[in-house]
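The structures considered in this document are given below.
What follows is subunit A paired twice: with subunit B in the first complex and subunit C in the second.
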Partner chain A sequence: MREFLNELFTKRYKYDFSYILSLSISILLALILGAVIMLILGYNPIEGYGALIKGAFGSPRGIGDTLAKTVTLAMTGLAMAVAAKAGMFNVGGEGQLFLGAMAAAIVGAELTGVSPIIAIPLCLLAAMAAGGAYASIPAVLKVRLGVNEVITTIMMNSIAIYLCVYLSNGPLKTTERGIASGTQAIDPEFKFTRLITSSTLTQSIFIAAVIALVVWYFMSKTAQGYEQRLTGQNYEFSRYSGFKTNRIAIISMIISGAICGLVGMFEVFGIHGRFIESISKEFYFDGMLVAMIMRYNPIGIVVISIFFAALKMGSTAMEMKVGISSELILVVQSIIIFFMAAENGISRILKEKAAIRKAKREYLAAKAGNV
Partner chain B sequence: MSEFLAAFFTVFNVMLFQNTLRTATPIVLAGLGGLFTDHAGIMNIGMDGMMLIGAFTAVMGTYYFQSAFMGIVLAIVVGVLLGLFFGLFVIKFKSDEFIIGVALNIFAGGITIFLLRTLTGVKGAFPLPKSLGLPTVSIPLLDKIPIINELFNNNSILVYICWLLVIICYLVVYKTPYGFRLRAAGEHPQALRSIGVSPDFIKYSASVICGILCCLAGAHLSLGYLTQFSENMSASRGFIAFACIIFGRSNPIKVFLAALLFGFFDALGLRLQNIIPANLTLIIPYAATIFVLVIAALQSKRKSKLSELKLNKV
Partner chain C sequence: MSNDIAVNMKNITVRFVETLANDDISLSIKKGEIFAIVGENGAGKTTLMNVLAGQIQPTLGSVEILGSTVTTFSPTAAIKAGIGMVHQHFMLIDSFTVAQNIVLGHEPKKPAKFGIFFDNKAAVRFTEDLIREYGLEVPPNARVRDLGVGLQQRVEILKALALGSKVLILDEPTAVLTPSETDELFKIIRKLKEKGHTIIIITHKLYEVMEISDRVAVLRAGKLAGIEETKNLSESKLASMMVGHELSFESIPRDETVKTPVLDIKNLTVSNARGLIAINDLNLTINSGEIVGIAGVEGNGQSELAQAITGLRPALKGSIYLNGIEITKQSPEKIRKLGLAHIPEDRIKTGLSKQASIWENLLVGKQRRREFAWLKLHLRRDKISKYSKEVYNQFDVRGAGIHIPVGSLSGGNMQKIVVGREFSFENTRAYVISQPTRGLDIAAMQFIHKQIINKRNEGAAILLISADLDEIFMLSDRICTLFEGKITAEFDPKTASKEKVGLAMLTHSKEEVCENS
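So, the complex of A and B:
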């Protein structure tokens, strides 16, 4: 823990100051742009953002929901980061999440009556195994055959989602009356306790915290993490240095998929108590955005997740109170990414221009000196 | 047995191939656009988002001007803007193509739903009257020939434009100086610079062409195929188009054939819905995409091994 705090506050992250500055400016500009859109459409932006902040932090329930969303965002963001650091772009987290949720729901329902101390870890394992195994397919295809993993993972999203929807409406549909679709309910004993009444914040936050610490430690403190980083940065170099690059890439994808599966399990055990069709509303893509904004830095992902979770939860309140569609926040988020992506290029262009100007001045000065 | 045959013919009939042509069209259009950026050395995974925005603007344009033609024009204009926007980041700012592509897709999903809800107050789907859809073209002599007529006649105008574009794109890419420069921009930008052509300019043009064609693909989806806009209606077709480009090695004719293959799987899924639960048949085109990509990868691996062997012999 001390090391973690040290890392967060001491010199190792100091050089990232300019990054944090440009991130803050990007976020500010994007929020202003959001306000301009509200103005154009005839809403009062102060009222809109006011409702947003109040919705996210205004009540214990709001805070609880925001924290719960933080868990989902941080976990999916970390999942993206683990794979991306090894040079694998896992866009298929949504499918891995669905399969993890489905596996956990099936095992959870099968083990009804078993002691939770045995059953819950088994469900955890089932969810992680399902997500990890599913993620290993595109990883192997990429490493062995060079099949673009972005395309395969996206295709596998649709496959997993349709498959789970089919299962929960067909062969695995609950026999309970009055439920349109969904699998058999898990034993109520297994359900995570809610930490704040009527909010969605559950004990899963503790599991998530452990996973986050493990991922951070793995990525920045272990030799494997170092090899992983190098593999992502320079595949050929790492291969010739004798790293088992293929294995590193595949393992990173499996870890990534396992974390996604776990997020699916949290939804089942924390909230719904069974697998339902709408178990995830593109949760993984939100997490991906967060990971990309923080350039796959695990600590940064956890910290900024709180901010984006507040935006997300607040936006629903904003939609209900002021009537501004909550999708505006998705727009604001993607604008932040565009700004961050542009920032790199703009500062590079400015530097180049400055260098050219300097060279010109020196040339002129030298010329003047000669004459 | 006769039951099986009856079931077989409810799936495999002229309708299947008619559906194939119709479902392939958006993939062909997006694929043609994407092969330009691919030749120019840009990995464009934002095509799905471009399609979605194209579909949305086409419907909105049609709705406000009460004419499908204006819808298409608006979609083309937005396509140019999207191409320039994408180019600005990828070419000028040299941002990560992957990040920009993903961000563009998420942006498209957000902005279309947001604007749909605020402009029309509708959630989910916004239907237009059928009369506002794209006009169909009937070719006078074709209606005398039974099957050919059902297949090739009375399609929406974009279907014919799309077939025409396949040939035009082939000629442009392989038979014109522009195509030569386009391919050079991707493979050897230095060579272009040495003859005084800016590779960036060529890349921008490719990006704009891609934007236009992707938006046309979207317009066909929302005006030709259906006459409505529904949330996330591109349904990963942009990525399937990307797979077609890989499979067809960026050759317009081969990309067209690959898209037909996916159109066939898509149509097959639609036709099978009478027999197998819809959620399972919906998987078919996506599974087929992965399957085809694996085959393409195996082929190229075998080819490179063969050439290695030949080199060793020499």
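So, the complex of A and C:
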């Protein structure tokens, strides 16, 4: 802990602080703009935001749902970050998530009757293996044939998603009555317990916390994480330094895919109890945004995930209580992303202007002193 | 203001975000004068000239050009006022002819055809007139890509003259030239002076200043350290003005060393990024305790040679041996393990990660050692910090500690990080060193030279590739000239002359050198 605090407050995080400042300003401006829109539409923004906060944090159930959403956002964000830090842009997390969910659902159904202590870890492994193996394909294609991983991962999303949809409607369709599409249900014994009544928060948050810690440790404290980081920063340098660049690309993608697979398993074991074709509502793409806004910083991703999860969960309450369309929150989110995309340029211009003003002032003061 | 002043700069101050690039500089340059501006890298020479050329608006201060005060700082306004700048990197269009390049921006049009079509004949006529007027011989119809660097530079000068420049700024004009091309350039400069032009020349080569200039301004750390008539100066005086203290130019002691072959290159053929042969059937042996200098004009296969030896570029044919072990098809990692270190020519592109901190950059290559990584996994930050601080202090890096990003250091200090890291592998006995002091100031250069010679004295085998002939002469035990991918001649730096080496850099074989000399 001390080491962590030291790191946070020593000089080397100077630049991060200015980034946090601009992020806060962006969020504030976006919220103000959101309020302006509410006013124009004839609503009271205080009432609107009040309902939002109440919805997200005002009840045990609200807190539970917000935290559950945080888990999904943070996990997918971390998955994106692990690969991106090593220079691999994984856009295929959605497909990896589907395959992970499918693998966990199959193993979970097959192992019905087995003790959960044995079965659940096996399902975890199956989900991670499915996601990781699938993510390794574009990585291998990249290092062997030079195929751009952005394109292959995007295309492989569709392959994975439609394969899973086919399986859950065809060969693996449940025999239970009244279920339009979905695989055989897993043993109810395996399902994660809900931590708060009627909210979607389950025990999966503990697994997620462990994964987040491991990812943070791996990325910032290990030799492998160090090699991946430097490779992502400068590939030429990494090659020159004798790093195993091919292995780094593949490993980073496997870890990224494994985490995505795990998110899929959380959905199966936490909520649905089986694979269904609407298992994910583009969860990974939300996670990508979170990761990019925080520049792939693992701690930042977890923190900002809470904020975005609260916006998402609170917006439903806002719509029901005050009548403001929850789409408004999408506008606010987009404005934040827009500001952060321009952050680099704006802060540079501001810094330069400030420096010039300071120089003039100092120079004139010195001159006045001399005379 | 009297009429014989070409440029008058008053209290010029330029402040960038972190640095004061120019601090209250005032100077005036007379008409028809060759005025040199010298200073170490980062002293503010180029910034000052960019103010004059309208590229940068000064934070404070005023500029007068040929009697009129500059109100707007823009390149267009500067050109109108009579300033012409020849940049270090030429701004020519390779596929255009000389004449087309010269008229670029004010192309003559064919009046008979609505005045919208380019009139090449008029452009050639215009260029020929210009060539005649200034006596700068260039073939007007030749394509620029077919010309040598020296001729390309003339085109740049003509281009500036075509725009009516009365004051010419030459930024490091000799950096890319061979000694004989430099002589030619100096003749041109003197000719322009006779015609009444004012020449401002930015350089850090002191003997050139002594040879060509009338007056010199010395900049140091953004401040004006002094303006002197060249005839009242000596090279050593100038050098001490530049660095702020007396410099000793004493040579670094060289020990007698035992010489056994370490790096052996046999019939090596390598292609470049475009698939053309860059190194052609090259043979070279480098012994322990010896520095072999590769002299050559850039682009004759130097980069490809270094990359092939270090495993970054595959060899088409031939083999490379390190201590008798073939390393031709090995990975960079394996080659490093076998005892070869590499200082790359481009420290920012290849040698460092700018965003990463100093310690992260120093750790590279040692990150899996037991002393730095527990179970080859958990990085032991205390041990790493200790080691990084040692290298940091030993190589006299000037910065704010080992935790700041390398990108915030100056070029010289960045290079010290690269050299410090590459020289800290205990079992490494062979080094490929490319452009070790490119863009560095004198103090940093001397420091790195000393480190290189120390390594040689310890018995290392060193291949030195440099575009700086002085550096090659100063450090090498043997000099090989590289031309179009082949070693064309070998010299002993104690007995060879720079002219002879310079000639060998431009010719195919030893025989030709002999015939010409």
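Convention: the second predicted complex is superposed on the first by the 319 of 371 C-alpha atoms of A that agree within 3 Å, B and C clash if a C-alpha of one lies under 4 Å from a C-alpha of the other, contacts with A are read in each partner's own complex, and residues count from 1 in each chain.
FYI, a residue touches a chain if its C-beta (ideal position, glycine included) is under 8 Å from a C-beta of that chain, and two chains touch if they have at least 3 such contacts.
Note that the structure is predicted; figures quoted are calculated from it, not measured.
S.K.: Would you check which partner chain A:18 touches, where first means subunit B only, second means subunit C only, and both and neither mean what they say?
M.R.: A:18 contacts neither subunit B nor subunit C.
S.K.: Looking at A:115 after the superposition, I want to know if it touches subunit B, subunit C, both of them or none. Which is it: first, second, both, neither?
M.R.: Touch status of A:115: no partner.
S.K.: Tell me which partner A:221 touches in the superposition: subunit B (first), subunit C (second), both or neither.
M.R.: The answer is second: A:221 touches subunit C but not subunit B.
S.K.: Regarding the shared-chain residue A:345, is it in contact with subunit B (first), subunit C (second), both, or neither?
M.R.: The first partner, subunit B, only.
S.K.: Taking the superposition on A as described, I'd like to know which of subunit B and subunit C A:240 touches: first, second, both or neither.
M.R.: The second partner, subunit C, only.
S.K.: Of the two partners subunit B and subunit C, which one touches more residues belonging to subunit A?
M.R.: Of subunit B and subunit C, B contacts more residues of subunit A.
S.K.: Quick check on the superposed pair: does A:141 touch subunit B, subunit C, both, or neither? Answer first, second, both or neither.
M.R.: A:141: touches subunit B, not subunit C.
S.K.: Does subunit B (first) or subunit C (second) touch A:169, or do both, or does neither?
M.R.: Touch status of A:169: first partner only.
S.K.: Quick check on my understanding: which residues of subunit A belong to both its subunit B contact set and its subunit C contact set?
M.R.: Residues common to the subunit A contacts of subunit C and of subunit B are 348, listed in rising order.
S.K.: Show me the residue ranges of subunit A that touch subunit C in the complex, using the header's touch definition.
M.R.: Interface residues on the subunit A side: 3, 10-12, 221-224, 226-227, 229-230, 233-234, 236-237, 239-244, 348, 351-352, 355-356, 358-360, 363.
S.K.: Mind pulling up the subunit A residues that touch subunit B in the complex?
M.R.: 41, 89, 91, 141, 145-148, 150-152, 154-159, 162-163, 165-166, 169-170, 282, 285, 288-289, 292, 324-325, 327-331, 333-335, 337-338, 341-342, 344-346, 348-349
S.K.: Would you pull the subunit B residues touching subunit A in the complex into a rising list?
M.R.: The contact residues of subunit B facing subunit A are 45, 89, 92-96, 98-100, 102-104, 106-107, 109-111, 113-114, 117-118, 235-236, 239-240, 242-243, 246, 277, 279-280, 282-283, 286-287, 289-290, 293-294, 297-298, 300-301.
S.K.: Tell me, which parts of subunit C touch subunit A in their complex?
M.R.: Residues 13, 15-18, 20, 24, 59-60, 310, 312, 331-337, 342, 344, 349-357, 360, 363-365, 367-368, 372-373, 376-379, 381, 400-401, 403-405 of subunit C touch subunit A in their complex.
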